[in-house]
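Below: a set of structures, written as structure tokens.
Both complexes below contain chain A, partnered by chain B and then by chain C.
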Partner chain A sequence: MNTFRNLHPLTLLCYFAFMIVFSVFNFNPIYLALSLFGAVMYAAVIQGAGVVLRSFVGYFAMFLLIAVTNPLFSHNGATALFFINDNRVTLEALVYGAVLGLAIVAALYWFRSFNEVFDSEKYRFIFGRISPGLGLVFSMILRFVPELVRSFRDIKSAQRAFGSNQGRVKRYLGSFSAVITQSLENGVITSDSMNARGFGLKHRGLYSRFRFTLYDGVYLGVAAVLFSIACIGARGFEYYPYIKPMEFSAMSILSVCAFGALSLIPFIFEVKEGIKWRISVSRI
Partner chain B sequence: MKKLLKILIPCLLIPVVIIIGVITGDKNYAAVSVIVAVLACVPFFLSFESTFTGRKIVILAVMTALSVAGRFIFAPIPFFKPVTAMVIIAAMYFGAEFGFLTGALSAVLSNFYFGQGPWTPFQMFAWGFIGFISGVLADPLRRSKIALVLYAIGSGFVYSLIMDTWTSMWADGSFVLSRFLAATYVSLPVTAVYIASNIIFLLVLTPLIGAKIERLITKYGL
Partner chain C sequence: MEDFRIENLSFKYPKSDEYALSDIKLCVKSGEFLLVIGESGSGKTTLLRMLKNELRPHGEMSGEILFRGNNIASLDERESAKRIGFIMQDPDSQIVSDRVYSEISFGLENLGLEKEVIRARVAEFASYFGLNAEFERSTVTLSGGQKQLLNLASVMAMEPDVIVLDEPTSQLDPIAAVEFLDALKRLNDDFGVTIIIAEHHLENIYKYADRVLCMENGSVRLCDSPREVVRKLEDCKIAYTLPVSARLYRELNDKLNPPLTIKEGRELIRKFKNDYYISQKELKNENIAFSCREVWFRYEKNSADILKGFSLKVYRGEFYSVVGENGCGKSTLLKLLNGSVKQYRGRVKQESAAVAYLPQNPKNLFVKDTLEDDFKSVDNSYMELCRRFNLQNLLNRHPYDLSGGELERTALCKLLLTKPEVLLLDEPTKGLDAFKKQELGKLLRELSGEGITIVCVTHDLDFAAEFADRCGLLFDGEITSENFTNAFFTNNSFYTTSSAKLSKGVFRNAVTYGDLLECVKAVDRR
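Entry: the complex of A and B
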């Protein structure tokens, strides 16, 4: 299937960078609401609506915490609501806090999808692009971590079976130390074996199962154009001393529309493929 | 190209990003600092290919994997995490650059399991920085236990301060001193436990791992 997550890692990375950078840099509630909406819709498609609905509670608590605490730390703004210990609590600071909270929650939802979509193979690819050696280190670490945890469990249960009655911290540290010995020794042997098979020789290629297809090119192009339109036409809100909403002009409305389209791309992509899949299944 | 980038990034790109952030954004320190943290890590990753070969690559992978696995292994004991200690030890025996990479990679990879977020670049930078400095101070750290304990305390503080700076900037968009102090105050108990675990891990693991590494060096002639 040609789903969003099957796009080329570079395309995906650019897309998430666009969305997260825009959400963090632009304190305009209209854009943030669109960004949050796109992120939540996509998360709901890939993780299931139930999971995302349940996650609302935590994010909403974070949003409230930021919105409510901002007036306590910032006393700018002209409209005083009430006073706490001679400190003004202003409407502007409260609204600004709410907008910040929205930005943070939107970015965190994008990261939620990012964590889901970006698997180890994609990390390895990106790091391998910076340097092949780094890509190798990455995949080795991903292989070592579960192995080390498993051998730690084995050693710990073996020690318990011997009847060692050490305290918890000491037993953990002792077993960890044994894991270190084992893994360092194995590491050197692994590297010798790699060298013996010609690791690091010149003219060796790097296999990657990702191909940058025309599809990726078109997708990345469309996303980049929408992103540029959104950036060029973006107008901000002013919060201090008075709240002043953005000016609406042809350009700024175009920018909002472009950004809305950009943030819904993954969702539309996923739903479109879902429908295609249903149709092809029903034809059988 | 890579050499050029290594000079350009710290001398030109980072100041430019900061200046642009100050001029255009509404003092949007959070976003600027994320970009700066990313840029600060790039030179180390760029020089990877030329300085790391064969055995060193595998040992880097093992040390990083140990510090990441440590987060799982010690998970039943709250706030008792060996990551910082492992990064410091790696740097003490294999040098500053090795330390930086162990720290930065530990952050990326452990967040691969625990969830990436906007805090990842900060963790990369914080652990990388701690590793780098301990590589520079390798001699005194290896010689005296007092220096090691002091460094454990210092690195615990530095890590917490960097992450608190991040928390407060992220919650404000800009840097507000009172918010930062509040974040530091709230995180004080965690910082204390964190420093204690650093000291314990460093005192216990340094002689242990040191002996193992020295044995490896004599056995395989690293």
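Entry: the complex of A and C
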């Protein structure tokens, strides 16, 4: 079954960048609510509703924390609710805090999905497009770190036999230095193996299993157009000294609609493909 | 056509008085399978590395190496990378990237090929080497054999004319080694790739070679077809590494064509059919060193059981070998006996707390810059043991600079400083050549004679057959068969030593080469 994550990394990267940038820089609760809704719906599809429901508790706590802390530090705003130690706690600051919390929670939900969708291969591809060397370094690090961890564990367990006459810290340090020495040793072999296969020749190529198809182009195009409309027509809220909601005009309503559509692209994509799959299976 | 012509090549490492290679003359034809044999330190690695510009060691060199008629040093960098492939011993460290597909594409990317060409070649070579299922896997999770096959695939993807291999199977288990060598043979047969390979375990590769180059102290002792080498090689250390049937042939001075395989070797001894047999030893021992009863173990709550109702009794001063294939839980068993992990059910009863564990990579035991410092950190009275293990001259060396055999000896020495009563060994023969194995085996026998209990997990059946008192086969998390060594290997029809396979149906109970020889000689005398 085709899924959103199978889109070309470039399309995915742009999409998530649109959503996260818009969520972080736009303090308009209408957009943020739409963004959060889209993010949660998509996360529920790829991670399962149960997992996402369970995650609500943590995110809600974070939201509350931000919403409550803001008025304790920011005393702007005209409507005082009450005083703590001669400091005004204002309605405006409270609302601003809530919107800030909403923005962060929405962005975090997008990051959550991004992490799930953007695996190391996609990272490597993006880095490799910036520079082939960078892509290789990324890939080498991904191999190197687990090897290092494993070798540290092995050495520590081998050192158990001599444990009694050394302190714990000393033993750890000893094992650690041995790990470094060993990986330097192995590094010599790796570098031999790289040289033997022509590393450092001019005009390095780039292999990737990704192909930018018309499909990816269409999705990227649609997302970019929606994003542009949303940006152009966006009108903000004002919070200080009084809360002033956004003005509604044809343009701003269009912008909200465009953004709503943009937020729901991944979710709709999954649902649509799911239905298509069911149909194609039922035909067999 | 010739791929390589080597004329009077001599080579000396900097700061060394001795020649690592002296006056080597050699010519390698295109499509040839050349096997290079010789003791560790006989110059095999140096010679092979001379054949690849990127890996040629620094030092004083005289003579000439021609590749396809031109001096190899004048070969263009791109050509050199593409046309001569090189594979080393260590399967892990040769791998560069984190995924199987990106490893195969690594060399092709270096050559700057078009994306579509790379895509096609990667697919082709992954399919040819049976790496399809592993294609997206992380390279860290592959087994040693798969890693080495991946190294071969990524070199082959560059479509070289020659592949040079420096002991590529020494770190692999026997099944993986056979698989690797078969793949190599297939490449040689199907595509005419020239293969130059150094090996010290010859049982499976010897029959594949077109020619065998015997090296000794940096010079060529003999270079001829495998059968001629069996006939002509004088008695020397290299002769002991030949396949069992070839060694037997040399002992018998037969007029026939020298046998290379077990099948041919069986022909050789058929005429000896006789009722002579090796008497089986049974040791009586009552003092239990440790015992496991109904032990169950798994690493994580939701992972599969590694040990399933495992039971074992080992007696004091006994040399017990646990044999079995990769992934049957051998290493886990040692960790359990060592106390690094704990069973969730069953009982492990240790009579003594003094347990020492030799890991698969003995380097892991050393954390200091010199051996002396390392020994000192355990016990100051190390000199006596060092003399016994013949390590006095190595005390100032860095542990990582030692050769395989030296390292194994030093590691045992360091462990013995803790005065263990039980010694646990994880694949102690890995990477050792035949003579070093003998040395190690004798040393272990000595130790067990002094009352140290030895448990050794290994897939080196010949080693177990020669030195262990008792053997057990670990399969599916438990010991499925167990007996005194000779009986164990005699009763196993398939999972047994080359000598036992060879003598099956002719001599009873001949499981080691020594047994085989004893039988043949006894029959000769009658």
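Please note the rule applied: the second predicted complex is superposed on the first by the 273 of 284 C-alpha atoms of A that agree within 3 Å, B and C clash if a C-alpha of one lies under 4 Å from a C-alpha of the other, contacts with A are read in each partner's own complex, and residues count from 1 in each chain.
What we mean here is this: a residue touches a chain if its C-beta (ideal position, glycine included) is under 8 Å from a C-beta of that chain, and two chains touch if they have at least 3 such contacts.
In this text the structure is predicted, and so the values were computed from the model without any measurement.
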Side-by-side fit of chain B and chain C on chain A, or clash: fit
Touching partner for A:N195 - first (chain B), second (chain C), both, neither: both
First, second, both or neither for A:I104, with chain B first and chain C second: first
Touching partner for A:Q159 - first (chain B), second (chain C), both, neither: second
Partner chain in contact with A:L206 - chain B first, chain C second, else both or neither: second
Contacts of A:V52 with chain B and chain C, given as first, second, both or neither: neither
Apex chain A: angle to the C-alpha centres of chain B and chain C, given in degrees as a multiple of 10: 70
Partner chain in contact with A:L226 - chain B first, chain C second, else both or neither: neither
Touched partner set for A:E121, first chain B, second chain C, both or neither: second
First, second, both or neither for A:L134, with chain B first and chain C second: first
Touching partner for A:L32 - first (chain B), second (chain C), both, neither: neither
Smallest distance from any CA atom of chain C to any CA atom of chain B, in Å, after fitting: 9
Contact residues common to both interfaces of chain A (with chain B and with chain C): 120, 132, 136, 140, 142, 177, 181, 185-187, 190, 192, 194-195, 199-200
Touch list for chain A against partner chain B, complex: 20-21, 24-25, 27, 66, 69-70, 73-74, 100, 103-104, 107-108, 111, 114-115, 118, 120, 123, 130-134, 136-138, 140-142, 144-145, 148-149, 152, 168-169, 172-173, 176-177, 179-181, 183-188, 190-192, 194-195, 199-200, 236
Chain C-touching residues of chain A, taken from the complex the two chains share: 120-121, 124, 132, 136, 139-140, 142-143, 146-147, 150-151, 154-155, 157-162, 165-166, 174-175, 177-178, 181-182, 185-187, 189-190, 192-209
Complex contacts: residues of chain C adjacent to chain A: 52, 54-55, 77-78, 80-82, 85-86, 88, 90, 92-99, 101-102, 105-115, 118-119, 122, 138-140, 151, 154-155, 158, 335, 338-340, 355-357, 359, 361, 363-368, 377-378, 400, 414-415, 418, 420
Complex interface listing, chain B residues touching chain A: 25-26, 28, 30-31, 34, 45-46, 48-49, 52-55, 57-62, 64-66, 68-70, 72-74, 77, 80, 82, 105, 108-109, 112-113, 115-118, 170-173, 176, 178-179, 182, 200, 204-205, 208-209, 212-213, 216, 220, 222
